[in-house]
Each structure stands twice: as structure tokens, then as C-alpha cells.
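In the two complexes below, chain A is the common chain; its partner is chain B in one and chain C in the other.
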Partner chain A sequence: MTKKKKSILSDQRFIVLLVVIALTAIFSFMSKEFRQYNTMLSLLDFSYYDLLMAIGVTFPLITGGVDLSIGTGMVCYALIGGTLIRSHGIPVIVAMLVCVLLGVLIGTLNGVLIGVMNLPPFLATLCTCMITRGAGSLCTATPWPGLTQEGGWFHSIFKLTIGTGRSADRYPIGFLWMVILVLLMEFVLNHTKFGRYTIAIGSNKEAAALSGINVKFYHVMVYVVCGLFTGLAAIAYAAVTPTVQPGTGAGLEMDAIGGVFVGGVAATGGYGSVLGTFVGIFVIMLLKTGLPYIGLQANWQQIITGLVLIVAVLIDIIKEKKAAAL
Partner chain B sequence: MTIKKLVALGLSAAMVASMTAAPVFAAEEADPAAQFEGLKANEAYEFPMMVKSFQSTYWQAAVEGMQKAADELGVTFTPQGPNSESDIADQVNMINTAIAAKPVGMGLAACDTSSVTEALQKCVDDGIPVVTFDTGVSDAPEGSVVAEVVTDNAQAGSVAAENMYAAIKDVIANAEGQVIIGEINQDATAQNIQLRGAGFINKMIELIKADGKTVAVAGNEFYVNAAEGADAEEADADVVIQVAVPAQTTVELCSTEAQAILSKENCIAVFGSNQVAAEGVLAANANLNVLGSDAAAGDVIGVGFDAGSIIKAAVQDGTFLGAVTQSPLMMGYYAIYALTAAANGDEVEDVPTAGYWYDSTNMEDESIAPNLYD
Partner chain C sequence: MGEVILTMKDIDKSFPGVHALDHVNFEVKRGEVHALMGENGAGKSTLMKVLTGIYQKDSGSIVYKGKETEFHNTREAQDAGVVIVHQELNMVGDLTVAQNIFIGREPKKGFRIDDKKMIEESKKLFQELNIEIDPREKMHNLTVGKQQMCEIAKAISHKAEVIIFDEPSAALTEKEIADLFVIIRDLREKGLGIVYISHRMDEIKVITDRVTVMRDGGYVGTLITKDSTKEDIINMMVGRVIYEDPKQHSMVAPDAPVVLKVEHLNAGKMVQDVSFELRKGEILGFSGLMGAGRTETARALFGADPKQSGKISVMGKDGQLREVTINSPQDAVKYGIGYLSEDRRRYGCVVQKSCIENTTLATMEQFTKGFLIDSAKEKEVTEKYIKELATKTPTADQLVVNLSGGNQQKVVIAKWLTRDSDILIFDEPTRGIDVGAKNEIYKLMNKLAAEGKSIIMISSEMTEVLRMSDRIIIMCEGKVTGNIDISEATQENIMDKATRSID
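Now for the complex of A and B:
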């Protein structure tokens, strides 16, 4: 039986893209202030760390696992980096490397616990979540250098500011890097051994092992990659948060994971796409940033975001059922 | 018989008279801190001090004050707090655990005033004196809280309103259409934030109406209901005070709420009622760049609260018109003193601290500078 060519319209990612466009249109129509360039700048500013976390966590989710430590981990690395800069005079570039290294370290820990020692991912990453939350709390609330202060150059990675004060021009070049990273990781997922084995582990771990794949190694690498992106997210978070505060971060992983599911990762693993994650995160960001502009109070924002997530996962499950019935 | 009765009556009258005279003398004692003069701890007490969280440097300053007092008195303390000021359930658990260890006294800064009443009742039953600091507990069970070491938050809020109004009253007077004053409160559950937010709103309403303009309050239900005297309809009012409270006490969420208000063209001023909210306002301003000190030129007037290096820098360079600082150092300090006195078995009085306005002109003053923690 020949496979019917999947129409682009039934691709969940396309549907989500339509949702993104629809939400943007609705908010722009309902709120004059939402339509401004500055609003889009702010939305993008705050999207980078969510997006980086989401790109990273796409891989564990494809294997049917999860990484709950990304939120508190991100804050922990940013706190440690900030403390190194403020209290020990370490240059910003070294602090950035430290963030990434710490991310890789915790990612390796997660990977070993899950891939080698076979702990359930939910449990293992919950434990590392608590560890990183506690470790971060050992530091005091620290700001990374501001744009105009010494060492503030790292802000320009995400947003180019030409000129000063009110008349300055600001360009969100971070968005460019995000697009490049997304395209890169999508290529990695679909065209490299690592990516394909990740999907294989998610579809059927035993079959993958039986066909000679070094499942343990690749399973660990999945979490290392996730940790790497969490380290990058920490830099993006520090760039946009005035003072990184200990004790925060719990809950941020839910935005990232939610975005990945909206983007079409199968709830049980075995299928996923970094492009899907990209549009999925924008749904979350639009809701988070846009709902206040149309006057909704905070409680309604959370209710609506939750409902949108349920609908997104339901669509995915219904599609799978239909495909299985064929 | 009658003479005996008369004498008894006379003596009782004298007793009552002397009792009423005592408060008069006490009122003349201007410094409530004087009650601690020469205080010595009877034992090396150990107190659990429940802070709201260690989220901001404000609490670190409070712990510094506690340490200073503890060193002077020879007592020890353990500061404990949940991860963030919205982790109410975590704090209640910590409080219950601390009470179960039967300490000689406990310091408390409650994240949510209504969640701790049960724990406070247990303290009464177990004879554990409680000193609240930074934020009081309204409707505390009788006898549970022996003293409050808190800022008069309603006063602090109104100080912010007064100074802000001085800068914007001409803009309001000359405005052609409706103008908006924003207020960002990190929550609507902690008493200190509630009093501060409401204090600001009510003072602002008073000042606006005194100059003949109408005002309405919109946004978060708690603060809308707490406002007094805002009788205009939102659509017709000359001034609308827009109150936003995010879902969690984080800077990012405060910033999103602040952005929604700051981006409105007719927003003329905004108040962030604590360190987290004020930093959220500054983060929102990073792209919008509307804050400044020249209202006549179209700047949006920003007023912050508390200190911390970000807010101090903003006040220094004029992004914020100014801010109101508390004295977390002294609050922690007096909380330990009050607890020691209570553990000794003495009566303790409340130690109210004030909120001080500071701007670029008086930041270095001797009376203000020590309160401006990093």
C-alpha cells in the first residue's frame, strides 16, 4: 500500500504556526499597545531563555523521558555565574563558559542516572531539580553587569543597541541566532546518528538495543545536550533579568516543556521536531506576554494557558489514534 | 461599714486612676526601642526566624540585623524561609516544624497572613511568644503575637504617593484626556504589600480629588475593593489608577504586567511597591524607555520601593524619580531584641519603623544611606 503524502495542512507544526499568527492578530487588534515595535522587542527578549531550554528538552522528551531540572538549573547557573563576576571579578566570558559547563555537568548526571542506572526520568530530574535549586540558593541575589556597565557586552549577543537612552535603536539579533540554532538542531535530529538514535530510543528502546545501537551512550548524550542548552539559557536569562534571585526558576521548565508538546512531540516519545518546538514556544510566549495587554488578570492568564496546552496535547493524541486506525 | 465601703471605693478609684495615668507616661516615651535598654538574655536562647524567602537582598539585610543583635545579646537564631515569597504552603510547613521543636520564641514574616492563624493558635497553646517582623498578621489569635516590628506600610505607601503627586499634578491638571497611574504589587496576600498598595492608592485618590479631578481604580480585585473614595466610573474618570498583580512573585511576571501598563500612551506614572515589583518596572522600561524625572517633557514618572543595587542605580541616574526605603536591618535587629525580652518574660511593645523617601538628592545623607542595602 503506497503511503499517502501527508498534506502540509495536517502537519501539527503548520497548525501551531496558524495559531501563532491568529493569536498575534487577535492581540494586535484588541490592544493598540501590543502592536508596537517595543512590545515585540520585549516579547523576543523574554523568549530566548524559554526557547533555548525548549530546544534542549525536546531531545529527552522525544525519548519518552523528561528533564524537570532545566528551570531551577538555569537559575542556578546564572546565579553562580553572577556571583563569580560580582564577588570574584571573573570576566564575563569565563562566567558564560562556566554556565555552559555546569549545564553539561548536571546534564551528564541526569544522563547517567537515567540512561545507565535506569532511574525513571521524572524522578531523577526531580532530584537534580531540587539539588540545583538548593545549590542556587547558596548564592545571594546577584545582577550580571548591566548594558552600560563593564562586562555588559554580552547583552549585545541578544539585542544590538546602537546609541544610548531613548533615541537608541534596538535590534533583536538574538532571534537570528535562535533561528540558526533551531535549523541546526532540526538537522541534527533528522540527519545525524545522534538524532536518529534519539528517535529510535523513544520509539522502542529494546529494539534499538537489539539492533546494535549503544543505547546507554546515546541516552546519556540526550541529557548532556539538554544540559548544554540549559547552560546557554542561563546566559540568556541573565541578559534579561535585572537581578537573578535564588529560589526562583521552579515553573519555568513547565513553559518550555509545554511549548515542546504544543509543537507536536508525541506524549509517549518517538516523534518530535525542533521546528515544532520553535512555534510551540511562541504560542506560550504570546499567551504569557499578550494576555496582560488585553486586560486579563493574572489568574485568567494561567487558566487560559493551561487550556491551550490541554487542547494541543489532545490534538496530538487524536491524530495518533486516527493514524493507528488507518 | 459605710466608711469601709467608701475607703474601698476610694482606693479602687485611685488604682484605676493610676492605671490610666501610666499609658500617658508611656506615650511620652517617644522611642519604643528604649524598652530594650540594658536588656540581657537570661539564657543563650535559640530562635527560629521565619523569613518570607531569601529571594531578594532585602532579607539578607534583615538577617544581617538579626546577627548584629544576636552577637550583642549572646543568643542565636536560625533563619528559615521558602524558596520564593509565593510558596505559602512551604512556609506554613516550616513554621509547623519549628513550632513542634518547642522554641522559646519565634520570629515570623508571613507570606500569607490568613494561612498562619492555625500555627499561631498552636503557639498560644504551647506558650511560644511570636514576634512578627516586616509584615504583621491581621486577625492573629489573641495573645499569639507579643510584638510587631514592622514598617508602617500604609504610611510608606502614602509617602510614595505624595512625592509622586508633586511631580505629576501639573500633568493631571493640564491633561486633555484620561491619564493612567500604574501600580504593580507583587501579590495581594501579604499584609505589608496589601497595606502599602492600598496606602498609595488611597493617598493618591485624596490628592487627586483635592485638586478637583475624578479618579477610578481598576485592575486587581483586592486593591480595587480596598480603595476608598474612588467613585468615578472607569470610562469617565480623569485619572485611572491601574493595579496589576502577577500570578507569581517573580521579576519577569511583574515586568510583563508593567509593560502592558507602561506601553499605554496616556500612562503618566508607575509605582512598584517592593523590590521585585520595582525591578520588574525597570525591566519593562528596558525597551520602552519611557521613565524619567521630567513629567512636563512627557517622561513617565517611576517610583520604586526598597533598595538593592538596581533600584539604587535607577534613582541615582533619574530613571526613577525616587523610592521609599524601609529599614530591614533595624527590623531584624529589633525582632531579636523583642524575642529576647519576651523569652525573658518581659512585656514587649511594638517597634514600628518608618518608610523613608530617597532620591538622588538625599541618597548619601547619613540618616538614609545605611538603610540602602545592596
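Now for the complex of A and C:
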């Protein structure tokens, strides 16, 4: 009995990886500015928060749910953290912890509303989206410490700067953490009880419950994990945004969710991978960053991203149809 | 019977890797009910899909009303008068009966939909069929039987001349089946050609004029129903004689201890004051008509649905019977109860996942070291059960969706055996499973019982109940109306108790 190995070409993740490489090549070829080290550095810099949100939201999407509160949530936690640092003088490390805790808290709220009270995920997280947007707006626009200011060390988590001023060398060390986190969560998804049950809930919640699984608990945990990553995203967001503005954040979740779908999560849940999310996000990020370099404005980027997403989801649906016909 | 209205000759159809129809012949006359029989996968549905234009034939000819015809979609077939009434009803629950009947061809008055005319026309249709249904009622408020009547009314409204019934009785009560037969006879009188697909031999004998049997995509033969016996038809279907003898006496040792005691269980309307005992090594049959409350009793017992009151006692590993609280499936599983749902695809297994993932779903903790899943052990245990239960699957990694119904059931059984459950609730264990695989499931159940597992078997098939059970509990409208030993059980006394509180 030998397992038939699936061709690597039929793996959506591989195709998306090719797209990432192709996009990078095209943009680099067409624009001299794009192929600068600093452009790449800033592209990576701005991808971290999207990627962290995306890793988190992969889990609700695999259960067939969604979390719309990640964008406004992230901005809200970053604002609260910034306010605590500026107005209350608390250390940056504590503010970071607060961000993560707030993420877990809102995640738990989402989880309880959805997993225990049976609210539809769209509706529950729409409510927390509004709540976090409002709560964030109670704060005033406050920047986290700059690189050279006291507490500015947290920038080094994502971008190591050696030297000062224009001659400084900068290294995108955050990318390494991202790779580690992606591999970790891919492992969690495939080799732990939590991961297995996340997939089971997405694939057949009733059958999972009738197998004696504590479906409610695991359903809540899925949103807690998503919240945790949103909290981490808030730190990455604060690191790249000079001044976090109250009332913003709505719409940021769409880039993350879009990236996850490009990465091949089944539109109905039950299948997905964090590696897929990883490459999916870079398609979105490359379009976002690269298109202006070849003379297309931001609006075009949105249109093209939308079209890419349609293609990605269509591939998934066609694949499923083919599988069903066999 | 009148002239031939439809002839399908030498129909051939292949899908990649499957020769689904191999030169099949089939004909329908005006004023006849023609049964189409065969095991699951014999090709009945494919043949009907070719007829109604869902699939296109590779070769062969279809002659309808004397003309060579080929329908390219169901719409064309409908317009020509060939209509199929599906097993799963295609109704929109939130629309009214009339809106459903005229869906897609609503009568208009200017730009507006003419609701009044729709209701009038529906009323006329129901009058013609002698059914009492209010066309203004929302579809989801109707019983399954009534919904099916609406499907038929819809078919009639298409000026149907050939109606295909695809397992129409599967979800109906005895009473509803009787009503359905009245309508079918009436349609036959009017000169329509009726195709009747069913697995229920009793119905075939009652309602049909001729029987065409298919096996493995091929045409086996056509019989005149009244000149042939049940055995004739079954032999054609399977090419072998199947064992259908009832069990003569209980296989349970007289001193076998009680492993499950349910007292005065109440859960909504469908479970009223239900009490029974299950003994070690016993197969306890639950018989009754559809909607008798058997599945509801099982689900309440298993903690899947809430219950109002009742006492449940389970024998522990120490051999002591003690009262337990079961508020969720988790509790039930903890006490060694496993539930095999009647609807495997919805409640039984995670079909898009592998045999391994399904086998270990209820017992993850046996396969985890700390946070990690021990994949090697998972595979080992799954393969052990594949061998032990003779599950037909190429590998343990195969997705369950690709297995046949009987083999899916075996995967679910493996799940509960991994859990070492002592009490297994089989809800319609062989529904949707073909005759050959049925026997394997029966053997397996007998083996489990002989090994000391106790089994509750909910079944709507009389032969299954009489063949498998050591004792039979009969339910009717949420109450237990009978509890008889197999040695005293007959079809008659079971049916009598099953219909006791009706009328």
C-alpha cells in the first residue's frame, strides 16, 4: 500500500509561491526603484502586521468562520499601548504585553459569542469590530517611542539597525521571526489536538461534537489564538506607523483575510494551511507595494487584488468540483 | 397497460474510470408503474439522469412518444413531460407551497407576479390529486410527506407524462406511503407512465406492474411483478441468495448483567417516559415508524439533545451499575457509550478527512504525547481496524468521502472501538448501504455482541429488526409501546404496537 504522492504543481501553495517570485521579478525588471534594498526592506517591514493578523485569522477561516475585528482591534490595542506609554509612563515591554492581553481578551469575547452563544461569526466579529474601533478612538493619536527615543528598542525586534543616520545598516530580522511563527503554527495546525479539532470543526462540526469532542472549548480557542496574533500584530503595526491614528484600521482585516484565501483556505472551511497564508500575504503585499512603482495608483492595486482573489477562490472551487466528480 | 411511451435502448455511458451504464434497456408503458431496482451503484440513478438530460449518453437511443429524443437539460425534459421527483426534495422552505410549485415560471400580471392565480392553480392541482394542502402555507411547515405531495403536484403541473419517483418512500411514514400509493394509482389510471425506484421489496410488490433489475451498470432483466416472487427479484439483483431468516431466539446469556438502565426519560414531545434495560452482549432492536422518537431517544440518552428528566445508570468498569449524569456527548463517551448516526455524512464522519483522522477523532488523547499527535501510532491503530473490520480502502490515508457507504460505516465503528465503548448505539446501521455490504455489517454487529459489547440498534427495516435483535423495543409517537423477546416477535405484533397510538 503506497500513498500516491500528489504532484507539487497541484498544490496551490506552490503555485502561489511561483506567483510571488514572478511578481517580484516583474516589478524588479520594470522599476529600478523597486529593486532597491530599502524598498524590499520597507515591503517586509509593512508586511509583518498583515502577516501576523493573517496567521491568526487562518484558524477561524478554517473553521468556516471569520474574524472581522482584527483590523480595528489591532489599531485599538496599538493606540491603548501608545497612550499608556506616553501619558502614563509605563515601560514599552508592559505596553506590548497589554496589546497581547487585549487581543486575547477580544478574541475570547469573539470565541464565546460564536462558539458558546452561537452567534454567526460574521455578525459577532462585526460587533467587536465596531467596539474596538470606538474604544480605540477614545484615545488620542499618540506615537510609540521612535527608534532613538527611550523605549525605542522594540523597533529592533523587526528591523535591526546598526549604526546611526543615513549610513546605518538595517536588517529585516522580523522576517526570521515570521518564518519561525509560520512554521510553528503550521505544526500546531497539523500535529496537535487543537489543530486537528480546528479542521474537524470546519469540516463537520456535528460529527466532531457527537464524537465527544468539547467543540465549544475548541471553537472559543480558535478565536483566542486569532486574538493573540492580532495583539502581536498591534506591536508590529506600532513599529512601522509613526503615529497610530484613532478611527483607522477598518479595512486592514481585508488584506489579511484576502491573503489567507489566496493561500488556499477552502472557502467553506475544513482545509487550509499557515504556509499557504504566508505566501498568500506576500502576493497581496507585493501588489500593494509594487504596483505604484510601475505607475499604477493605489486604486488599481485594490482592483487587481480583488481580481486575484477571485481567481484564487475559483481555483479552490474548481478543484473541489473535480474532486466531487471523481 | 397501454402503448409504450418511452423506450431506452442500448444506453451506454462512461465516466473516467467507470463504465456506469453498459448497454441498458428500459421501457415504460402508459398506465404502468415500472420499478427500477438494483443495489446501490447499480446504475439506476445514472440511467434516470441520462433520461432527464442531466447526463448525456455516449451511445444508444431514447424514443419518447414515438420520436427519437435527447434532452440536454432537465428543463427540456420537463417541458416535454418527463419529470423526476427526487429523493431529497428540492423545495425552498421559506417560500409558500404555491410559490414553490410555480418557481421559475411564475404567472405574471403586468410586471407583478400574479399570486392569486398561482394559488388558484395550485388549489386546482391539489383537488385533482385529492390532497388537502393550503397553497399559502410555508413549505417548511409541512411534513416531509406533504412536501412530497407538492413535488408531485409540481410534476403534474408540468403536464408530465412520465414521472420518475426516486426512492419516494425513504422518508415517509406508513400512512404517508399509503397516501402516496393512492396518488400513484390515480396517476396510473390517467395513463401516465411511472418509474418507481425503491429498495423496499414490499412496496414493489404492492405498487408496481413490472420490475426492471440492473446490476453493476448492466441490464439484468424485466419481470411482471405479479408473476414473480421476492426471491426472484432479489436473486436478479445480487446474483445470489441472501440470508433473510429471522433470529429464532435470544443469544444473550440468561444471567447477563444489565449494562444500561434508562428510567422515565423525557425529552420534548418525541421522548415521553421512556424506560428500558440493555444487557451485556445484547442487541436491542428499536422498531417503530418514522417519527416514533427512536432517534430522539438515542440522542437524548447520548447527551446530544437536552432532556427534561430521567435516570440513566451505566455499568462501570468494576461491574457496578450506577447512576450517571449525561449532559453532553462528552459525558456519554466518558461512560463508554458510542453513537453511530443514521446520517453518516452529516453526523457520523468527517468525510473530507482521512480514515486515520476519523478513526482517532473520539480518542485523540490516546494518540497525543503532551501537545503532539503521534502519527505513527494513529496509523498503526487505524490499519489494525481496517484489517479487523475488513474495511475496503486502498490506504489508511484515503479520504472517507471516497469510500462506499458500508465502508464509511466501518470507519465510524472503528472510531468507537478505538474508544473501547461498551455500549454502541447503531442508528439505522445499514441505511444507504447495498445488500452485500449489509451482510458484512450484520456479521460485524453479531461479532461485537458475542465479544460482550451491548448494542442498541434503531432500524426501520422489519427484516433487519427480526434478523438482528435479541429483544425488541417498539416505540410509537414518543412512547414505548412494546418490549418483546425475539422468540415471540412477528411482523404483525411489531406493526400492531408500532401503530398503537395512531388513530
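Criterion: the second predicted complex is superposed on the first by the 322 of 326 C-alpha atoms of A that agree within 3 Å, B and C clash if a C-alpha of one lies under 4 Å from a C-alpha of the other, contacts with A are read in each partner's own complex, and residues count from 1 in each chain.
Following the convention adopted for this analysis, contacts are C-beta pairs under 8 Å (C-beta built on N, C-alpha and C of every residue); 3 or more make two chains touch, one makes a residue touch a chain.
The model shown is predicted, which means the values in this text are computed figures rather than measured ones.
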Note to self: Looking at the superposed three-chain arrangement on chain A, would you call chain B and chain C a clash or a fit?
What the structure shows: fit
Next item on the list: Go through the superposed model and pick first if A:T289 touches only chain B, second if only chain C, both, or neither.
Entry: first
Margin query: Quick check for you: in the superposed arrangement, does A:D169 touch first (chain B), second (chain C), both or neither?
Written below: neither
Margin query: For A:Q36, using the defined touch cut-off, is the partner it touches chain B, chain C, both, or neither? Pick first, second, both or neither.
Written below: first
Notebook entry, point to check: Looking at the overlay, does A:A207 come into contact with chain B only (first), chain C only (second), both, or neither?
Noted result: second
Next item on the list: Would you please give the vertex angle at the Cα centre of chain A, with arms pointing to the Cα centres of chain B and chain C, as a multiple of 10°?
Entry: 130
Check: Looking at chain A, does chain C or chain B touch more of its residues?
Finding: B
Next item on the list: Could you tell me how near the closest CA atoms of chain B and chain C get once both structures are overlaid on the shared chain, in Å?
Entry: 33
Item checked: chain C residues touching chain A - in the complex, by the definition given at the top -> 15-16, 302, 304, 329-330, 332-334, 339, 341, 346-353, 357, 361-362, 364-365, 368, 371-373, 375, 394-395, 397, 402, 415, 419
Check: Okay, in this complex, where on chain A does chain C touch?
Finding: 1-3, 191-194, 196-197, 199-200, 203-204, 206-214, 270-271, 325-326
Check: Of all residues in chain B, which touch chain A in the complex?
Finding: 53-57, 60, 82-84, 87, 219-221, 244-248, 250-253, 255-257, 259-260, 263-265, 276, 279, 282-284, 286-289, 308-310, 313
Item checked: Touching residues (chain side chain A, partner chain B) in the complex -> 33-34, 36, 38-39, 41-42, 45-46, 133, 137, 140-141, 143, 146, 165-166, 168, 170, 240-243, 245-248, 250-251, 288-289, 292-293, 297-299, 301-302
